[in-house]
Amino acid sequence: MMNLLFVCGLCVFFGVTLLQAVFAARASAAVRRFSLWAMLCANLLLLAFSLTIVLRNSTFYLNLYQISAAMRFSFSVDRLAAYFIMIISLVSATVCLYSLGYVEHHGSNTGKNFLLAMMSLFIVSMLLLVASDNTFSLLFFWEIMSITSFLMVMFDRDQADTRKSGLFYFVMTQMSTAFLMFGFIAIYHVSGSFDIAPVTGISETFKAFIFLSLFIGFGIKAGVMPFHKWLPYAHSASPSNISALMSGVMIKVAIYGLIRYLLFVLTPDRWWGVMILVFGTFSALLGVIYALKEHDIKKLLAYHSIENIGIILIGIGLYLIFQSYGFSDLATLALIGSLFHTLNHALFKSLLFLTTGSVVNATGTRNIEKMGGLIKVMPYTGILFLIGSVSIAALPPFNGFVSELMIFQAFLQSFIISNPFLKIILFLGLSLFALTSALAAACFVKAFGVIFLATPRSEEARKAKEVSWYMIAGPAIIAVLCILLGIFSFQLFSSLGFTLPITNMAFIGLALLVILGLVWLIMRLVGNRTTRRSETWGCGIISQHSNMEYTASGFSEPILTIFRPIYRTRKNVDRNFHDPGRSIFKDGIAEIHTFKLFEERIYLPVAHFIEKLSGVVSNLHDVDLDTYILYSFAAVVILIIAVGWFI
Amino acid sequence: MLWAYVISGLGIMGFMLMRFSRSEKRADYLNTLAIIHSAIYLILSVIALIKIQQPSYFFSRYLMIDRLSVYEVLISCVIFLLSSFYARGYVRRLVHSGEIEVRELTLFYAAYNLLLLVIVFAFYCNNLAFFWILLELTTILSAVLIVTLNAKENIVAALKYVFTASTAMLFSIIGLIILFALTRHATGTGTLNWDTLMQQAGTLSPRLFTFAFIFIFIGFAAKAGIVPFHTWLPQAHAKAPSVISVLLSAVLLNIGIYGVLRLYAVAHKTTAWHTVSLILIGFGVLTIIIAALSMLPRGNVKKLIAFSSIEHMGFLLVGIGLGTPLALFWVLFHTLAHALVKTQLFFSAGILHQQYHSNQFEDMKDVFALQPLAAWGLIIGSMAIIGVPLFPVFLSKLNILTQLADYSLPVMFVLLVCFLIVAAAFAAILIRTIPQSSESKLEPYHVSLSMQLPIVILFAGIVLIGVYFPAGLHDMLMGIVRSLGF
Amino acid sequence: MLSFLIYALVNTVFVILISPLFVSLIKKVKAYMQGREGPPLLQTYYLLGKLLKKETVYSGNTSLIIRITPYVNVVCVIAASLFVPVIYIPMSVGGIGNIILFLYLLVCAKFFMALAGLDAGSTFGGMGSSREMTVSAVIEPVIIIVFAALSLLLKTTNLYQMFAISLKSSLFINPSTLLISLSLFIILIVESARIPVDNPETHLELTMIHEAMLLEYSGPDLAMMEISHAIKQTLLMAVLINVLIPWGLTATPGVLSVSISVITFIAKGAVLAIVVGVFESLFAKSRLFRLPNLFMLAFFFSFSTILFELLR
Amino acid sequence: MINLPVLDDITKILFVLVLATAVLIITVRTLSSLFNIYSVQSWFIAAVAFVMYLKTGSIVLLLLTILTIAGKAFLVPYVMRRIQKSMNMKRDVEFRYLTPIGSILVGTAMIFIVYWSFSKFLPELSSDDLFIFGAVIGVSLALMGMMVIFTRKRMITKILGYLTMENGVLLFSLFIAELPFIIELLIVIDLVMLIVLATVLAFGIDSSIDEFHTKLNSFTLWFKE
């Protein structure tokens, strides 16, 4: 039964890949629609599969195929894996539904077909990655995931910035693979097998090395702060349904890997927890702060992914710390919190990316300064985006709030830890975490307000139309899930066998509903219900104009001013003068750029160093015969001396 | 058995000398002969693989057929067959674009077939000195093949090749003489036969063996393109017609590695082997580092591919140096994988070169519009060569690295970084190339089927061995490793 | 369960009824400090009544956001009022009384208010919501850390239990409580939009934050916004009171005890309102970008409390 | 099979003379005299071979002597002279990396280094000090030839340098007479072919591509039969 579900799902995916890839040149919109529906069904199959495992808390093993004895594609799905499979298939299903409407808008016929082929390969590689029970297949599908996503990022390859993003993404993703390979092979070196099984009897330092390389490897993919740089580029470059998949699911896969190796393979030390906590906190804070100043809506969302990954990491860090002190129920609270936040973020982030895709389609720009007033022309999309914003801003009773509540609870109860130093760290982390979520709320007031409210700021925005049915249905499902998961979280956990010290949101929801009813009733009774339409009050200016509105930059300006030290800006001014004495000013250009700290202090210097080095090395080759012979001569002489010396 | 090779080979060459009047026909005629030649050799080798019990010796033990040599010969024959097919269309293009004179064709194909003959016997020969001679012959022949094109740079490239390779080879004669003296001193009668060396290895003095080994290694390294004797390689590969670049990169380099492998097998029987391992791994890592760094600023597609060949040779050297059975197993597999992938890359590059008459990336505009197949070949080949899953290089890379981890983790880390740089180099260039388009639309020329077919076949083959490991291959490789005494 | 429902009803109604009183009381005090007569104590009730009778005017640019916001606000603060017992401390049901939830209900109200500020597309509204979100973002860590300090002090994260514990143990002598209540007071000032953070009287774009968002409101909607603001203020006052000087608040329902606690609460609330009024008249509206210093002060107080607790 | 100590002395003298010729090849500028020096060097090598023949009496050495004289003292210089005529250049005056003096110094250093290195190993192989001498002289001759290749500018001279290296190797190999004759022969033929090819290529460098190809054809056809 389970086998059937699993294998059928996979077969459909591979079938779709083949179909789309082989007929890439010819396949028509009908074929595409067919394959999308097929993918949707396959996702549902796997959803059913994973849900049964999650609910029954059983495990599932399947040795699908093996290249050689050492290199098996064998899968074992336990509750954790099934949970992530659930996330993947759920989000992918909705994305497929959305894509039914979306894909037809972009690119050449071949391009679309190829995109679908890659998309299905991408989804299936993520599923199998999570299901893998040995390092080999994990690495295998990890690479395939990276490559397919890279190809999809390159989808509209004619834009220059897409190319830049693509290169950036490719290099970073290869780097993460390299680090993972190092870690895995190091594990193999001690355990002597590719199985994902507890490693024992290794020295502390060696274990630390393994942990660090794995953390970097997964961290790059998850977009943890110092390694996050690829994320905004890649997400803004790729088509929106792909961004939804990447940001909603792919970076979660990295989280899965981290959790898997921390829980089931390595035996963590306390400082790992602290380290992860610190990294998480900074990713969260800086992520949201960078998001505040973004006006490219997709970059903004990408930075929020970084923030939420940070929150998830905070949860994991807390888990490790509490575990190391033996407060197992608090640890469980933190871990479940971060896992639940993983699900929630997957949901509302894909919801946001999908709706953003619709908006970008409708307006033809990613710059929110050019939008505005869209809720009147595309109300459904607007409402969906609002739900997404409310959940990502962690407002009760939505799902985002519940997971953050759990992490807050874990934080607040950290007073039972004895070590005062650690306690102070935790309280600082707590305050920064609070700051993060407040800023997130601010950021989404800005995003929603500027995109959907007030009057249109550009012709495109004025002419925008509501998108097709598919592109509303897909997000709508997620939106409903966001609410349900929020309200019935308590019942959910108890049905899974976790009784956690959190508020019963169903109760709160009920209370809110009752109060709403009462208030509404009262207002009906006592309130005057006549309304009148009129102008916005503009100090007596008769015609309200869109460029009198508050802009996104204006909105975030006070916060930016307060956090000025974090965004350093660089001005470059070049002036032209009429006279040689440079006194009579003709014209000039003045620009202010935000100083991209990580890019300009870490990434580019390293890249430049390597470039310089390789330049030197390759210059050695561009010479004539004499020099070549000289090289060999020197080499031979050195060899002769070395032989005489050593042997 | 081996006579069959000689006779058929010489017969083919006899046919070549027959003059034909019309030039167009001549190209196809010669090419047909070449195809027949390589086909016959392939069949013969398959027979040799199945019928003849390995090892068996011929000509007073100067020649032998054993598992390893048959394996290498098979690879070479397959590559030769594919490139003969490819050459059919390609040479026509060359003639058409005036890059090669019709009168050169005889010379070209003569050298081509002779090269096949020589290579096969280089693999089959049992005697080191004889092996050395054939190795020199391959240098000469490939030099001739390079200079058949109408360009001064080709002569320069060929000269560089000849000088760099053969000066190094002279030192390996010195090594041979020392080895010979060593065996004579050890057992009374000197010998340079592989099999006898294997038997007598125990009696040789490790110090002197290492001494001899280093000198012999210099020559083989030059042929295999190991830093610092690799200098000839990039230009030779870049200037040669793509068919020949394929042979240089996918077949000739293997011979050098093959020699090193044999020698290492002998060394493994002495106590000198860990010194030798050290030397090999040292040179291998150096090679990989230099190659990886030189790939970043390349703008020339064929040079890029050539440098990646250097890098892979270094990797093979490292694998040999590890000297564990698994490592060698995967080294052999990697040889196959590398040969196939390289062939595909150079074929695609050849098509593109015919389109743009340049190997520079920035000249290649609207690649997808003009030459979709070649573009895909280039992309897929690059992915395969940087070791992406679905492709065989990934398997061998992973496994050799795993073996390397037991030798030294830091070295492995260095290699990972180098591979990262290589990947970046490929990605950077492809990403820069693929999207660029030009206002002046070129006409896509008609790529004949004989040029497209090999690429498709190779793609299928690569993916096949990338995900499916036939038991036969597995047993064969295991057999080779065991026959080498590991 | 039933008892809880009764509690909810009574408590909520009481809070709703009492909060306008405090508002106008503060106004009165300020008027006295400025040497004016000031409005009558029931002024706010009159105001609300008048607004309920008036018609609602919506700008042509607005969307449904501006229409739902008043309901969201009222609902959220009333729900929050369940968390702050002022008449007596019931048994917590379904985790009601959780600090975080309490705070986030208030944030929810604020979120929608800010959206509504942007909805009409007027410059003032945008400015108001921008400033509001800024201030709330910066004050958020302070609030959290204050409550963290409380939970550290009282070893619980539930308001009911907090009050119960502070009721049992005489915390007045405990310096930590004083420190915390100082920062709680600052929070009260900030959240109820008072000088030096905000200026509730004027409608000058230079000073206003909270009012700017309400500019487009009129009629019953405005009434709802006002009452919810008043309730929010009362709730924060209640928290401060019940933590610092909980006497009079009972843990056992009963006519006598409840009436006692009601009376005491009104008294304490009045005192606190007067303090607030005096405080407001002593200070001048400070620049927006000076505010972080004030918040840092609160942060310092609460963090030093934590250090106190750790060192003990 | 004569065994006279004088033979050893003669051999040593010949070694010295060979080195002297090598030094000359490094320094001399006129091409024609370079060729002469080279053929003289080959004569010396042949002489060494002959002496060794007298000493050991193995027929292989005699054949080698003849081969060397035929191939290296006559054929190769002849071919090169023709090439030189057709390219009509007289002198090769430019030096790179090393001045003649410098290269002589380096060459001497090479001899010492090689001696220092080899004397640690070869005594194990044979007690005969001529063998060691031969090895040292041979290898250092090869290295000097290499120096010629990368110090001189003209292709022709480079080829001479290569030939010198080859002579060195040959000199060394004389002491391992058991190396089967067939292989010796093949090696020599091989090298000769290499030389001819290199010469033709060198010709191609300085001549028009067209006549180069005619030459190439004739030459390759010649060696295919």
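Some points to look at:
Every chain is named by a letter (A, B, C and D) in the order it is written, and numbering of its residues begins at 1.
As a convention for this text, a residue touches a chain if its C-beta (ideal position, glycine included) is under 8 Å from a C-beta of that chain, and two chains touch if they have at least 3 such contacts.
In this text, all values refer to a predicted model and were calculated from it rather than measured experimentally.
Once subunit A is excluded, the chains joined through touch sort into B, D | C.
Legend note: the chain whose CA centroid lies nearest the centroid of all displayed protein CA atoms is A.
Farthest chain from subunit D (centres taken as the mean of C-alpha atoms): C.
We define each chain's centre as the mean of its Cα atoms; on that basis subunit B and subunit D are separated by 31 Å.
Measuring from the averaged C-alpha position of subunit A to that of subunit B gives a distance of 44 Å. Each chain gets one centre point, the mean of its Cα atoms, and the points for subunit A and subunit D are 69 Å apart. Computed from the mean C-alpha positions, the centre of subunit C lies at a distance of 102 Å from the centre of subunit D.
Residue positions of subunit D touching 2 or more other chains, listed in rising order: 139, 146, 149, 158.
Counting partners per residue, subunit A has 625, 629, 632, 636, 643 as the residues that reach two or more other chains.
Looking at subunit C, no residue sits in touch with two or more other chains. Contact between chains, using the touch rule, shows up for A-B, A-C, A-D, B-D. Subunit A meets subunit B in the complex at residues 67-68, 70-71, 136, 139-141, 143-144, 147, 154, 157-158, 163, 166-167, 170-171, 174-175, 178, 181-182, 185-186, 188-189, 610-611, 613-615, 617-618, 620-621, 625, 628-629, 631-632, 634-636, 639, 643, 647. Listed in rising order, the residues of subunit D touching subunit B in the complex are 121-122, 124-126, 131, 135, 138-139, 142, 146, 149, 155, 158, 162, 165-166, 168-169, 172-173, 175-176, 178-179, 183, 186-187, 190-191, 193-194, 197-198, 201-202, 204-205, 209, 212-213, 216-217, 220-221, 224. Those residues of subunit D that touch subunit A in the shared complex are 96-97, 110, 113-114, 116-118, 120, 139, 143, 146-147, 149-151, 153, 158. Those residues of subunit A that touch subunit C in the shared complex are 372-373, 375-376, 382, 390, 393-396, 401, 405, 408-409, 411-413, 415, 420, 423-424, 427, 430-435, 437-439, 441-442, 445-446, 448-450, 452-455, 490, 501-504, 506-508, 511-512, 515-516, 519-520, 523, 526-538, 544, 546, 548-550, 554-559, 561-562. For subunit A in complex with subunit D, the residues that touch the partner chain are 625-627, 629-630, 632-633, 636-637, 640-641, 643-644.
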